[in-house]
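Here chain A shows up in two complexes: once beside chain B, once beside chain C.
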Partner chain A sequence: MPRLNDVTDTFLWGGATDRDADPIRRALRHNRMALFGAALLTSAVAAAALAQWIAPYDPGATLQVTVEDVYAPPSAAHWLGTDDAGRDVLTNLIYGARVSLTVGFFASFISVFIGGAIGTVAGFFGGRAERVLMRFTDVVLVIPDLPLAIVLVALTRPGLINVIVVIGIVGWTGTARLVRSQTLSVKQRKFVLRARAVGASNLRILVRHIFPLVLPLIAVNTVLVMSLAILNESTLSFLGLSDPSRTSWGQMLNSAFTRGAMSAGAWWALVPPGAGIVWVVLGCSLLGYGLERVLNPRVASHHLSSAHPTSPKSAKTKRGHPHQTSPGTEFSEAPVVLDVRGASVDFTASGCPPLHAVEDVSFRLHCGEMLGVVGESGCGKTTLMLSLLRLLPTGGRIVSGEVRLSGRNLVAMGEKEMADLRWKEMAVVFQSAMSALNPIRTVGDQIAEAILRHEPRAKKIDGRVRELLDMVGIGPGRQHQYPHQYSGGMRQRAMIAMALACRPTVLFADEPTTALDVMVQAQILDVLDRLRRDLGLAVLLVTHDLGVVAEICDSVLVMYGGVVAEYADVDALFNRPRHPYTRELLRAFPDLSRPKAELVAIPGSPPSPNALPPGCRFAPRCPDASSRCHAEQPTLHILDGRHQVRCHLVESNSGVGSAHEPFRRT
Partner chain B sequence: MTHCRFLLGKAGGALFTVGFVLVLNFFLFRILPGDPARAGVRDPRLTQESQVAIQARFGLDKPVINGIERVNPLRLGSFTVNPLDTQFFIYLRNLLQGDLGISYHRNRPVTELLKERLGNTVLLVGSGQILALLIGIALGAVAAWKSRTAIDYGALVGSLVAWSMPTFWLGMVLLFWGSRWLGLPIGGMITPGATFANPWDARMDVVLHMVLPVLTQTIVYVAEYVLIMRTTMLDVLSEDYILTAKAKGLSTFQILKDHALKNAALPIVTIVALNLGFTVAGAIQVEIVYSWPGLGQAIYESVVRRDYPMLQGAFLLLAVSVVFTNLLADLLYSYLDPRVRTA
Partner chain C sequence: MSPSVVLRIRDLRKHYPARRSLWSGQQHGQVRAVDGVSLDLLYAELLALVGESGCGKSTLLLTLMGLERPTAGRVVFEEQDIVGLSETRMNAIRRRIQMVFQDPYESLNPTMTVGDIVAEPLAVHGLAPDKRARGAQACRALEDVGLMPAGAFLHRRPHELSGGQRQRVAVAVALVLGPDVLLADEPVSMLDVSVRAGILNLLDSLRRTRGISVLFVTHDLSTAAHIADRVAVMYLGRIVEVGFTPEVLRAPVHPYTRALISVVPVPNPRQRRQPALLPGEPPDPIDVPVGCRFHPRCPVALDRCRRVDPPLVKVGGRHHLAACLRAEAPLGKYP
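After this line comes the complex of A and B, so read on.
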């Protein structure tokens, strides 16, 4: 079945709050880390380069050593005191930076070169080369590096070059693994496949297409490898395995340790060299860590982020939109279970203007009714659904309007009360059951958990779980299996069974059939349809698929750019669509009754919530837009029954839309 | 079935690695300049008789392996010699019999010396690891849970700083002030020459000697584990099943306990095992600073005294233990993760 948009719902799931609302702050924060690290490193490099001029003494010249000069405490002449041979600690500290940085730089270069070569060859050529190389890497990875380095240096003659080479050749495994996986993933990108298809040579593909994408990662990795190399160098020097003719920090610590600084109480011979090592290594790790986060951003807020906003003090319409009363209830005589009035959702992050993700949404859901929420990706469908459950990520919440569930206002409810209500009254079937089920707990266990949460004294849990699974057509033998042992469709049905565990009144289903094959989709929808009829469940179905809506929904909410474009009973919407967006959606959807009709995709894409057009949100893509549409936001017009449309054209020309051929329900 | 194959594959990999380590260990000590294996025979610390005995015991007058007469300087030899009559075979045979040679410095079998020290290292590293794992996992989990708060930044920056400190230096600093201010012992495992009224006091004496070295290791590993756990936990907490758990109405504590920690702990098992090399490096440094009579100190002593058989033996023991601990971790992982167990 075709979808309106194959792109996943980046609006919410792509982490809109992190990516769009806060890019500068985030980049700055991570860069701040990187900047600080770079500052530490630069100052160390400067000290090493300018050692001749800034060091107070000449490192080679031994002073007139008298007894007082040995381990002399810090004084005006020797800011950091003297060591066992009466040498100035500060001078040695500055000159010591040279060895650390030289070894760090060249050794990490060797490591990254070996690791990079092995990783690239393994990732790019695959096959036997990859197997052999990666097996070799795994083998070397488990050999402890410091003992190996000690053995290697001890067996050769200690010297700067030897130390560099040895540290270089024990530290490449991490790079090899990293580069291999990155090369592998780049290799499968479309542009590489395309280059290969037109006959580009391996070398050309590597140099032109793969290296540019692998290099930034290697650069960051180099900085981290360097920090390890510097630590290893200091340890080897401390063990006396370094070039005795050059002062290094590890060597200073070696003489402090072996020549009585500890018993002499000469902390000044002990602390500064270590501080020097920390200075440089911390510089590397901060730089690497900061850069890595910029290069490879991770969603910084998660589902349990503690900075969760509390409910607003007053949940009244604040934004100046005329409050729309919900239209008449012609759908059924059944009682209203969920009544949403003028709900608006904002994402807020400190230092940024709030992001209006959903504005002024109103609808009513009756017992046994199925409401389809449709619209392209990024129109706020999932945001709306999660906001009703108050499950939005940090910073996202309903800022105005009311959400009444069987009479109680959810917006003003306390967190604890809300948690008691979740699943008991409102359950969710998420988009991908594979990721929505915990992979390391059995399906039955996860269903039982939901029951026990809301009915702590429930008995015969096992039997109830079996019954629930049976209801969605899953055999009793499957109860104690793990999600990965289920097929895709079964997982989704198990998710539905779990959602029904506490007999909720409202079920939210977020694209429950995405990524399932057609037969399984039909199965799932069938289960949903049957259950709501049998159990009187009210269902809010978020979907891309108009065919599904036509088939099983009673009413439809069309969302565009965070607002309701049109809200109507399913017949009215398909046969008398009033909003141009709805009509465009229908035209983009194949109709079996009109096989000759042309499928027309809507050009452009929905607006991002941080760049909303000043007028009607659909105006830039609307075929019928007038100058008024571009300038002024339309209000919601109530037509007959509960048919609502947010469009200027409805008032100016009520005949709009009549040109559309009736859509026949299948 | 697949699970069985997985286990066999892991065991095969471990055996392969041990084989590689054996070969590496053999050639390393012959490739490098001076051919310590041969030079050792003329070590002045050994009597004439023991030199002859060693020569015979390790077959040092025999070819290294088929096709190679000497390694350094390289001299190719005949391929047709009896493979059982080569140095490599004799090395393997001796190894199987638990014979790692005789320490030049102490004039005692290396195997015996290593045996005495292994227990001490396990005691020290084990205590440090367990403490660090408990603290590091808890702290990392809290940092991830409270992400983007002062707690998180504090844990992150603190860990990066602690991670940047060389273990031996941290050990020296703690030793310097720990012995001065707290009167803790300055090194060793027991107070020399002390006699104890009962075994309990003797044990307490060891514990007192352990405080600083264990603290040193704990600080360094905690930093490592906080960084790992925080990242893993951030990934887990962003998973959809956490949202499901929240939608079910579970409390934050329940979600952390029943859904997040267990899932985050799985990758930790593997990562901790892979970090064992790092642990070994830390143990060597701590043992040297605190004169703890373990394997690390043995390595240091043999480097200083050019005691090659001891160095070779200690390296082999460390490498093989890391390989086997890794294998154990793999087995544990496959037992803990149902996706592997029931695949």
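After this line comes the complex of A and C, so read on.
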């Protein structure tokens, strides 16, 4: 089972975590569509291969044809009746599969070979070769392939080999285009550049680095090309352009039509060959599309889906420990906007035990407060944020605890109510501002749309859009520009403006500056800081950058393995960290003001939600862990103010050595 | 040439054709990604190259590797100008200059095993007689980067490793040829903070134990501050300041360096400062300003800065260079 982090990664961002690993086998195991297609195809191949033994009659045998034998209806002797010449339809059907499958197999092989070669050369070498080859492909593509095939077959002698060759050489264009684009995209990946940096030759790069990643796509494509080839063969033989000495399904249809099966009411001469064609083509298509769903990430859906609404009954309050902080310092006066108590998030998938992605998280966010949520990747930061917004991927939901937004419990809320709240009261800014803006509409338009969506009767939209952009430091002249005319930092600021469109009370920001430069980051942080001061906006900032937290946050939630390791005011957390994880994180973080300090890595990696250690989740990596830490889960200890620590060592007051002393690096 | 200089870069330029007209196919302007870089990489030093994205850091590395052909300039490696060498002769040089890429998720072929990935350079250069010898050398390289026991990693594929382990594999690939120069392109920026330190310490130990010179590209000044001997600051295709790390951090001369230092968040809430935000947007390498390339965003620009392109000159200490007209005049107090 993949780690939960991978699951969410793949869901949310289409991350290439382990998609590349042995895809065809996985595809078949997990995809019923592909399995069903493969079953259809296998049965047809088996019938064709075993025709001699399973067909009830010999196709070449001259029967004693009597009048009763012509178009005899299905009977015990002839299960599918007989045709115009008194031959057994079932026998013809079985032998016909041989022609269809032979043509399909060899013709698609020719097509894929030609298309693959052209696509690879064009994609890999580029330049003039690519221009010539792809224009040639385009020209062939616009020639309708069936009429071309008819002309070519009619000009040569209709025979099995001719049909195979002709169908093969008219059907390669799609493959060429596909292989070219895949080669092109693999070629741009960094490992190819690395191979070139090592000095690998073109041949080596093609064989070792590019082919293995193009091959699965070619395999899928071959199956689809095969189904087209089979259809083309049937059409040609229906038109009489086939080897007369071999029975094929198209030929069976042809003779039934031309020799009065319709007027004789002999449906049994028409339906079986038609069904045979459908059987095989359907098998190919299902197999092909089934494989494609797994191999081509763009086909499978990865978009965010909101979590199932939780029934109030299942939302038991409290699984963990009571949350009794007397909110500490300066924010105790400000009203509480978001109050999260003992929230736990599970991911459920059929056939797997539920994964506890987040457990027993409690915090309070006041008006105008900025809370930093930090931790390594895979510690549940983003999952926590998405769960509060009820935007988790399918299967994930809050299973216990309460999330109160200005007094209302979000966990018990219906999907519709939640959707209303989502932009109005709680807005989100994601990391990738590039993909969140529509490239063909002006930024001003998109912000106006966000306002109108929630306030259909809003007036003076233009003025409000200008005001919002001004708030994030974007001049009025840029309102009518398109996203591509904005720099990366401006796009992120425009996203913040859009998030503020409906005057939310809480802003959720998921790594809003991670992809940006420090100079731009400083601008964005400046904007966020001003907003919460001027508008009293409460901000939940998910980040991995402790520097950013120290710079602008008021309080910090350190997450590890899905639980809160430490929750404190920013000064306490940085100067008197009580949890060994916090301390180790700080020791690993480079500090410009103390360049002499040694950076110390934390060995190992965070636990995955399906393999959580029995005791403290940090114990396996903790330098101070005792046997108790490995055996028993620590509870959340509440120290002075709102300083909360989930660590056994706090009790003995000796473990985390630097407790109560200003934190110093070694 | 002083013997301690391993790689001498002089006035290196890499320009790409920019927009082409849709109708005539005529070229309008150029992207001046690398625009006159001069820099020395010394023996067994760790030189950090710092700058914003789009300033040409990565293009510079690709040019040094011979993966991009420079438009002009010289790169002298072992008394030999390696610009414009034939592919065969460049391949011989590539054994000596190796590169580590930014993204450990992308830079390892997902279909190959770790053993094959690490052994590939040996096969390419025919450096080991057979598969077994290659495997043994790959094992040694894996152990050198701290992946132990190496045997346990040989048959795994990249997706079975953590990000930090993958980046160690990428370093092992670069090391297996025994290079003299390692070019590292943001080697830790995709990794979690908790594992960054491990990779950084690994690079640091490599140059200490093997005398490898490391050119370390990063956008993060605080990382550079911790491990680099010298820092070079790049802006819009050119080095604007270079010097020993403590000196550059303590007494930055170029206003861009000063701004860069002021915006780096410090993980100490008691040291919150007002960052010196630069006006305007990050510049566009198609449209390099006349005169000093920094003057449109410079808070202390003089009138002369609009006309004169300042050269990199000695300022302050022994090897502290900066390209700023202000630095030539007596150092005034900057706001």
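FYI, the second predicted complex is superposed on the first by the 553 of 666 C-alpha atoms of A that agree within 3 Å, B and C clash if a C-alpha of one lies under 4 Å from a C-alpha of the other, contacts with A are read in each partner's own complex, and residues count from 1 in each chain.
Assume a contact is a pair of C-beta atoms (placed from the backbone, for glycine too) under 8 Å apart; a residue touches a chain by one contact, two chains touch by 3 or more.
Worth saying up front: this structure is predicted, and the values here are computed from it rather than measured.
Tell me which partner A:L203 touches in the superposition: chain B (first), chain C (second), both or neither.
A:L203 sits against neither chain B nor chain C.
Looking at A:S605, would you say it contacts chain B, chain C, both, or neither? Reply first, second, both or neither.
After superposing on A, A:S605 lies in contact with chain C but is clear of chain B.
Is A:A76 touching the first partner chain B, the second partner chain C, both, or neither of them?
Neither partner.
Classify the contacts of A:F589 with the two partner chains as first (chain B alone), second (chain C alone), both, or neither.
Touch partner of A:F589: chain C, not chain B.
Please work out whether A:L286 is in contact with chain B alone, chain C alone, both, or neither, and reply first, second, both or neither.
first
Looking at A:A550, would you say it contacts chain B, chain C, both, or neither? Reply first, second, both or neither.
In the superposed model, A:A550 contacts chain C only, not chain B.
Counting residues of chain A in contact, which comes out ahead: chain B or chain C?
Looking at chain A, the partner in contact with more of its residues is B.
Scan A:P144 for contacts with chain B and chain C and give back first, second, both or neither.
Touch status of A:P144: first partner only.
For the complex, give me every residue of chain C touching chain A.
Interface residues on the chain C side: 52-53, 62, 65, 67, 90-91, 94-95, 98-99, 101-103, 105-112, 120-121, 124-125, 157, 159, 162, 164, 170, 173, 177, 192-198, 200-201, 219-223, 225-227, 245-246, 249, 259-261, 263-272, 275, 277-278, 281-282.
Looking at the complex, which residues from chain B come into contact with chain A?
The contact residues of chain B facing chain A are 13, 16-17, 20-21, 24, 28-29, 32-34, 36, 144-149, 160-161, 163-170, 172-173, 175-176, 180, 186, 231, 234-235, 237-252, 254-256, 258-260, 262-263, 266, 274, 276-278, 280-281, 284-285, 288-289, 299-300, 303-304, 306, 311-312, 314-315, 318-319, 322-323, 326, 336-339, 342-343.
Quick one: in the complex, what on chain A touches chain C?
Checking each residue of chain A against chain C gives 16-18, 20-21, 189-191, 193-201, 204, 208-209, 212-213, 376-377, 487, 489-490, 517-523, 525-526, 544-551, 570-571, 574-575, 584-586, 588-593, 595, 597, 599-602, 605.
Can you list the chain A residues touching chain B in their complex?
135, 138-139, 141-148, 150-152, 154-157, 227, 231, 234-235, 238-241, 250, 253, 256-257, 262, 265, 267, 270-271, 273-274, 277-278, 281-282, 285-286, 289, 298-307, 389, 391, 419-424, 427-428, 430, 432, 435-442, 449-450, 453-454, 481-482, 484-485
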